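Naming follows writing order (A, B, C and D), and every chain is counted from residue 1.
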Amino acid sequence: MDKPREECGVLGLWSEEPLDVAGLLHLGLLALQHRGQEAAGIAVSDGKEFLVEKDLGLVNQVFTEERLARLRLGEARLGLAHTRYSTTGSNLRFNAQPLTARTAHGVLAIAHNGNFTNAKPLRDRLLREGATFQSTTDTEVMLLLLARLGHLSLPEAAAEAMKALEGGYSILLMDRRTVVALRDPHGVRPLAIGRLPKGYAFASEPPALELMGARYLRDVRPGEVVWVEEGELKSLQALPPNPAPCAFEWIYFARPDSLLDGVEAYEARVRMGMELFREAPAEADMVVPVPDSGIGAAVGYARSSGLPLEYGLYKNPYAGRTFIQPTQALRDLKTRLKLSPTSAVRGKRVVLIDDSIVRGTTSRHIVAMLREAGAREVHFRVSSPPIRFPCYYGIDTAARKELIAAEKSVEEIRAFIGADTLAFLSEEGVKRAIGGPVCLACFNGRYPAGVPVEGEKLALEIL
Amino acid sequence: MDKPREECGVLGLWSEEPLDVAGLLHLGLLALQHRGQEAAGIAVSDGKEFLVEKDLGLVNQVFTEERLARLRLGEARLGLAHTRYSTTGSNLRFNAQPLTARTAHGVLAIAHNGNFTNAKPLRDRLLREGATFQSTTDTEVMLLLLARLGHLSLPEAAAEAMKALEGGYSILLMDRRTVVALRDPHGVRPLAIGRLPKGYAFASEPPALELMGARYLRDVRPGEVVWVEEGELKSLQALPPNPAPCAFEWIYFARPDSLLDGVEAYEARVRMGMELFREAPAEADMVVPVPDSGIGAAVGYARSSGLPLEYGLYKNPYAGRTFIQPTQALRDLKTRLKLSPTSAVRGKRVVLIDDSIVRGTTSRHIVAMLREAGAREVHFRVSSPPIRFPCYYGIDTAARKELIAAEKSVEEIRAFIGADTLAFLSEEGVKRAIGGPVCLACFNGRYPAGVPVEGEKLALEIL
Amino acid sequence: MDKPREECGVLGLWSEEPLDVAGLLHLGLLALQHRGQEAAGIAVSDGKEFLVEKDLGLVNQVFTEERLARLRLGEARLGLAHTRYSTTGSNLRFNAQPLTARTAHGVLAIAHNGNFTNAKPLRDRLLREGATFQSTTDTEVMLLLLARLGHLSLPEAAAEAMKALEGGYSILLMDRRTVVALRDPHGVRPLAIGRLPKGYAFASEPPALELMGARYLRDVRPGEVVWVEEGELKSLQALPPNPAPCAFEWIYFARPDSLLDGVEAYEARVRMGMELFREAPAEADMVVPVPDSGIGAAVGYARSSGLPLEYGLYKNPYAGRTFIQPTQALRDLKTRLKLSPTSAVRGKRVVLIDDSIVRGTTSRHIVAMLREAGAREVHFRVSSPPIRFPCYYGIDTAARKELIAAEKSVEEIRAFIGADTLAFLSEEGVKRAIGGPVCLACFNGRYPAGVPVEGEKLALEIL
Amino acid sequence: MDKPREECGVLGLWSEEPLDVAGLLHLGLLALQHRGQEAAGIAVSDGKEFLVEKDLGLVNQVFTEERLARLRLGEARLGLAHTRYSTTGSNLRFNAQPLTARTAHGVLAIAHNGNFTNAKPLRDRLLREGATFQSTTDTEVMLLLLARLGHLSLPEAAAEAMKALEGGYSILLMDRRTVVALRDPHGVRPLAIGRLPKGYAFASEPPALELMGARYLRDVRPGEVVWVEEGELKSLQALPPNPAPCAFEWIYFARPDSLLDGVEAYEARVRMGMELFREAPAEADMVVPVPDSGIGAAVGYARSSGLPLEYGLYKNPYAGRTFIQPTQALRDLKTRLKLSPTSAVRGKRVVLIDDSIVRGTTSRHIVAMLREAGAREVHFRVSSPPIRFPCYYGIDTAARKELIAAEKSVEEIRAFIGADTLAFLSEEGVKRAIGGPVCLACFNGRYPAGVPVEGEKLALEIL
């Protein structure tokens, strides 16, 4: 794993008039594919039928022409979609989302981005009370809570359930009539609302709204429950807001064209690069980004430093999802298959920019490749602080013992990756570049929304 | 549909020593494929891991080499399997069995042959109490009842749940430790127990036991719960027995080499043919069975009548599961593809023997084919009474309005199928041939285990 | 391998008016599936387009709905089809038929049943002259010969090519305009002609004609080339006829409802059973056929002996094409999965009838199963002579050293299979039952159409 | 189609010692995936066995783990690979390469990048002489010529065949013993040689050599035939060289890290951008490349102009190969799905850089998106001349009537795409940037290697 991994992207759609709901959600999923590449799913309804298709794989592997056809309802008006990288619940078919269940609310579907830190004790209590679980995901706990609140409307039940749940999460719910969106009181994970000609759309990031034909309206607020009733957008503040959105969305996860809680990802990245130059300038001939993650910060670093931005590393667009035979010799070629140096770096002093370092092995490969291609010096600059702590709110930063910065000093990391110099952006630098309150728990271990009792990883899988 | 359709076959296995559980269950499923061709599934455990693979399709379509490999556990000791033709719950992937759920008993799997006639009111009550359902099958109701009895052992919970359930059913349950088998108080559907070198096996029909390396021991008794504890077979009479096993198992469903509640299927069929000759002799030159369903009775009819048994109809073994394009011309060729007359019948007076007539269309085709091939007379003899009523205990006899005998007299049926003479075996004849108490509800409308409140078909699908 | 294996079935269709050619050939293939289960293919044309689909697998595995759709031409008028079990050319995708090539005749397709015994020297000569081969089948040699005869019409070229070819073969050819059928001068392999409302059809066996909507007209004569020209059936006697059709077609290969060179397969089999009783009567209680291969002869044996015909062995219709894991224990269950004894044989003296014995292992299993099921005596009767020699004309009888009768006397075979008595039908008995000149080379080593220079097996695969 | 399309990439490998040939060729194919996305194939040999796997699809779709396993030979020492976009021969399975045939040289495989302009008359002659063709590709003509030169060694036969062939082509041949590489006398398409520890490798572009563990040695020279004999690299100048390599390889096709005939693609692109600024400066705030095709030239334009390079367009890496339902509304979103503007351009005057314009529709979409995102001015600069003529040497530039520059003036194109200004690089600018003789036929219609007699497109498909 080269990068921390976002666990999920979520999408929802509600329209007064019939739409090609499955087709639009499919496009939206393609716009959110970077948020999860292990499974994808879509649920649609016309008020009567309720269809779900989901499976392991990339969006375009799961949604073949045939499978999309199975989701086509002539009068479809609402739907959910989900793209997943698993953090809790292993990578099994039955953990793919949207999860569905038949409950006192009728059929319910749920799509979830984030984690509940108290899922284990809640599940234990529900089991003792006679509940049945079909998956090993923490998401299903929410579904079970809702099933027990059948006397309330779905939005009210959702607000009630939020009181029992801890952690960082953005969630979409759907029954045959409506779509409900909600965000934890810290707003750790993003969730945006868009306006359709005759309805509303919801998405983890605004560019997905546009692909579904919607105009960005606003973000769901921390602690808020939002839904559509008689064509109107309704809102209910379930819990008092206490914002601490995840800084890593701006550092790396979100698309550069995303606007999150009022701050553009591209601008934040350019500012991180500018801050990075201010904190850690380098004597060099050119700025080279690690494509694609280091591009925004490299633009900022080049802007502040006056150095030219050069395309010193080529990224093979076809290298992504390939079966490489597991002989040692071939595995070593995997980074090479993905990235290779161009002639730009020959004889040059290079400032190499990336957004983060997780285990350091890929960074080490890149530095070696640049030197082999003739780079005279390699000054590694990272546009975020060292990652020292796990995330409990929906990001897989690798196990603590795999995090190079959890064990090693900056100088030790520099020696490991073989750079001439190495510098990370400070926490202050990140905050200045983003400009609002943020969660920096993976850098400093201060968790705004609690930590799980059970330790580093939620243990729902064994029952 | 040419024949009433059995809905399911079930299998279970428990061994003290590690076995190739998936491999043995796979063989057992192949031996029970005639009991359900729409879906197949296997669950296995080694006491820790609990794996399930299931999908729509025939056993050899679902269980490819790759999929069986996924079920291989080095220390596997127990497992369940199921082959399904859907009667309740439409033909959807999520309705395939074994169904599994995480409950207060830990992971539970269930495999079910039969129907609960009170599934709908039970489910409604459970939903009001906060339950969630993952499928639209009546089987899941049992799973939910068990989840609420977490304070009892699994066999005790099963016995308790049986008190709430009505209908005809044979069921296998499994958690990480044990396998539980049970049969409704009327013993409507069969379920046999076999002895493994170090354990026990369970199967809808004994020939499947032998393929799993087990020796037939006895049948599960009506109303009995059976399980393995510390290597011993334990038993508990949950409800007082009141036997009424399904006569159609002997007439058509069961393999001819099956022994059911002490009576061999082949012998019963031969006796039905003998009774049939006694009740309805015919002046003819030869006896011709409709392969394969009429063979046993044809042997009996030939034996009593002294007429030679001839192979007048060839059955193409490859015609089974074929996509035939739905143009009218081609569809008309479908019976012809499956069956065709041989030269044996030319110029002859034929007694044609089949086990039953459902809609009459196939019978009509066969009579016409025989005449076209030169048969001088066709005397149709059926080794069971006319089917006039639906089955509520796990058999799909087609909707009432499709049953030719529900609407027409024997003479009208004869005219429809174009035979020279036609006769059905009497209820008394069936009873004499089998020799014990049986359920004859599909012939006479007397239902020993109750009827559903909602009418002909259980309506669990809309929620 | 339990039985000698036919290598191929061939089909052709030519119509003045547009037809669902692919749909009809698909039905025809299903009727000929018993002649080859390793690959299937269809070629169709409307006079302009020329489409081919073929692959490894059974007909219904290769021809999914989607694949048939790809062959649908609105104005299709002619086509070929082939079902294959490989004798020469290993089981590779590129050896599936119809083979096609672009030649001086335009696109040509060929479907072939049989073998050329001089394929190797012919191919060597063609290679030296600059030819290219796309497959390792002997069939392609014919295609190459035709390509070199571009100055002749296709039927003339076919007649010319026959002069160079030796062996036993039935062949269908097709270009964009016509279909050509031909049969070697000995007529070793069958080929029948049928009449369509506005055209003609061709098939290895007549029942396939009927499924394509055609009426059986006559057989292609030994040494004859037949084709359709301006709606008329044209004929050309390429080589003088010298009939010696394969006796095994009547003994086992052909469907019982097939009429071959004027003799019905079912009748011939019944007569073989009658001859068999005359030659080798047995003191017994019943006649039991090995299903399905022994049924015809068992009817004859029962008729002559006056013994009752009983259904003592159940054949599982789903056991056919199943992946069984290759552990020893499970493999031993394979015969059991396919066949199992019914209660009919308990305490009885059984005459067991089969059409042939190849390696003897399956026969041995069956005898053991019958004894285990309680049979008091087992008298094995075989309705053909011992197979001692390989076939060079399109049948795979297993390698010589696998043929039990090549090495062992009848008494040694009896001891091996464990029967109380054993008898084979004599060559004279076979001839009397069929009633005309036949090829009996696999029994007596007298090859009417020559033998290959290279030895037992044609060696085209290495080049 | 947004861009001219390269038709193919080719790879070869010869080693004295056994290697994971299939694994290495697979990696090499992934490095050449940009040269063809419609089909992929690999052939390998160990001197005895000769295996081929090929199919329609991307490299990672065709080469699943299972399929690669089928190509694994313990002692494999040589192989070929091919990735294809079809220019002649429609997109049919049987046209996938490597093509193979059994000939007087034994089994031969061929992988081909380019086109023969005289394929049609050559094929007509061969057909008249009795040849058979298995495909509709021009490549097979070479195979047929070689088959007729069986008296020569394979390299000599290849040299002889080259005398009969016209056009632009790079070809790899393989039999059980050796690999032969050759390039047409103009060297239109690239082909590089690499040194393996104990052997040699060949590839369309050097980065693929490195992924196969080889070091770049030199290019195959125009008109040269190269092969390995007793471990030595042998060479034969089949035809006198007359270099005119395709300029579009440097403009767009080749990877930026490729070295072609001594000139680095990245450097050539940067120089094109510098020339472009010199010829067509713009008053603006920033340079924005169309990713990824415009990046190299944008770096050069930024360098010469002193303007900052900004990441104004985000390219979704998952948008590539997606099934988009063909409703109008959804199709319009396709460019949007692939590219979207970032906040960088808001309020700015943008110089937008791309390498070429084919039909203009995508360019028009991009300009509109930038304006919508707030760009004040858009100055479009193209780093190559207008494409006015078709390519006959292996590139699909779209039909002439689709080429916007074939019909419209630069001012008309500017109006169509909606830019404020538009400029193309001159032919002289391209030549200066590359620095040697090049083929510029698609810009100026001067074809160094002849044109086909039959008109714009080779017509091999109808036979």
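Please note the rule applied: a residue touches a chain if its C-beta (ideal position, glycine included) is under 8 Å from a C-beta of that chain, and two chains touch if they have at least 3 such contacts.
A quick map from chain label to UniProt name: A, B, C, D = Amidophosphoribosyltransferase.
Treat the numbers as computed from the prediction; the structure is a model and nothing was measured.
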{"item": "Joint neighbours of chain B and chain A, given as chain labels", "value": "none"}
{"item": "Farthest chain relative to chain B (centres taken as mean CA coordinates)", "value": "D"}
{"item": "Cα-centroid distance, chain B relative to chain C, in whole angstrom", "value": "36"}
{"item": "Centre-of-Cα separation between chain D and chain B, whole angstrom", "value": "61"}
{"item": "Mean-CA-position distance for chain D and chain C (Å)", "value": "49"}
{"item": "Set of chain A residues in contact with two or more other chains", "value": "none"}
{"item": "Chain D-touching residues of chain C, taken from the complex the two chains share", "value": "100-104, 106-107, 127-128, 130-134, 136, 143-144, 147-150, 463"}
{"item": "Contact footprint of chain B on chain C as seen in their complex", "value": "20, 23-24, 26-27, 30-31, 33-34, 58-60, 63-65, 68, 207, 210-211, 213, 255-257, 259, 264, 266-267, 270, 292, 295-296, 299, 302-303, 308-311, 314, 316-325, 327, 329-330, 333, 336-337, 340-344"}
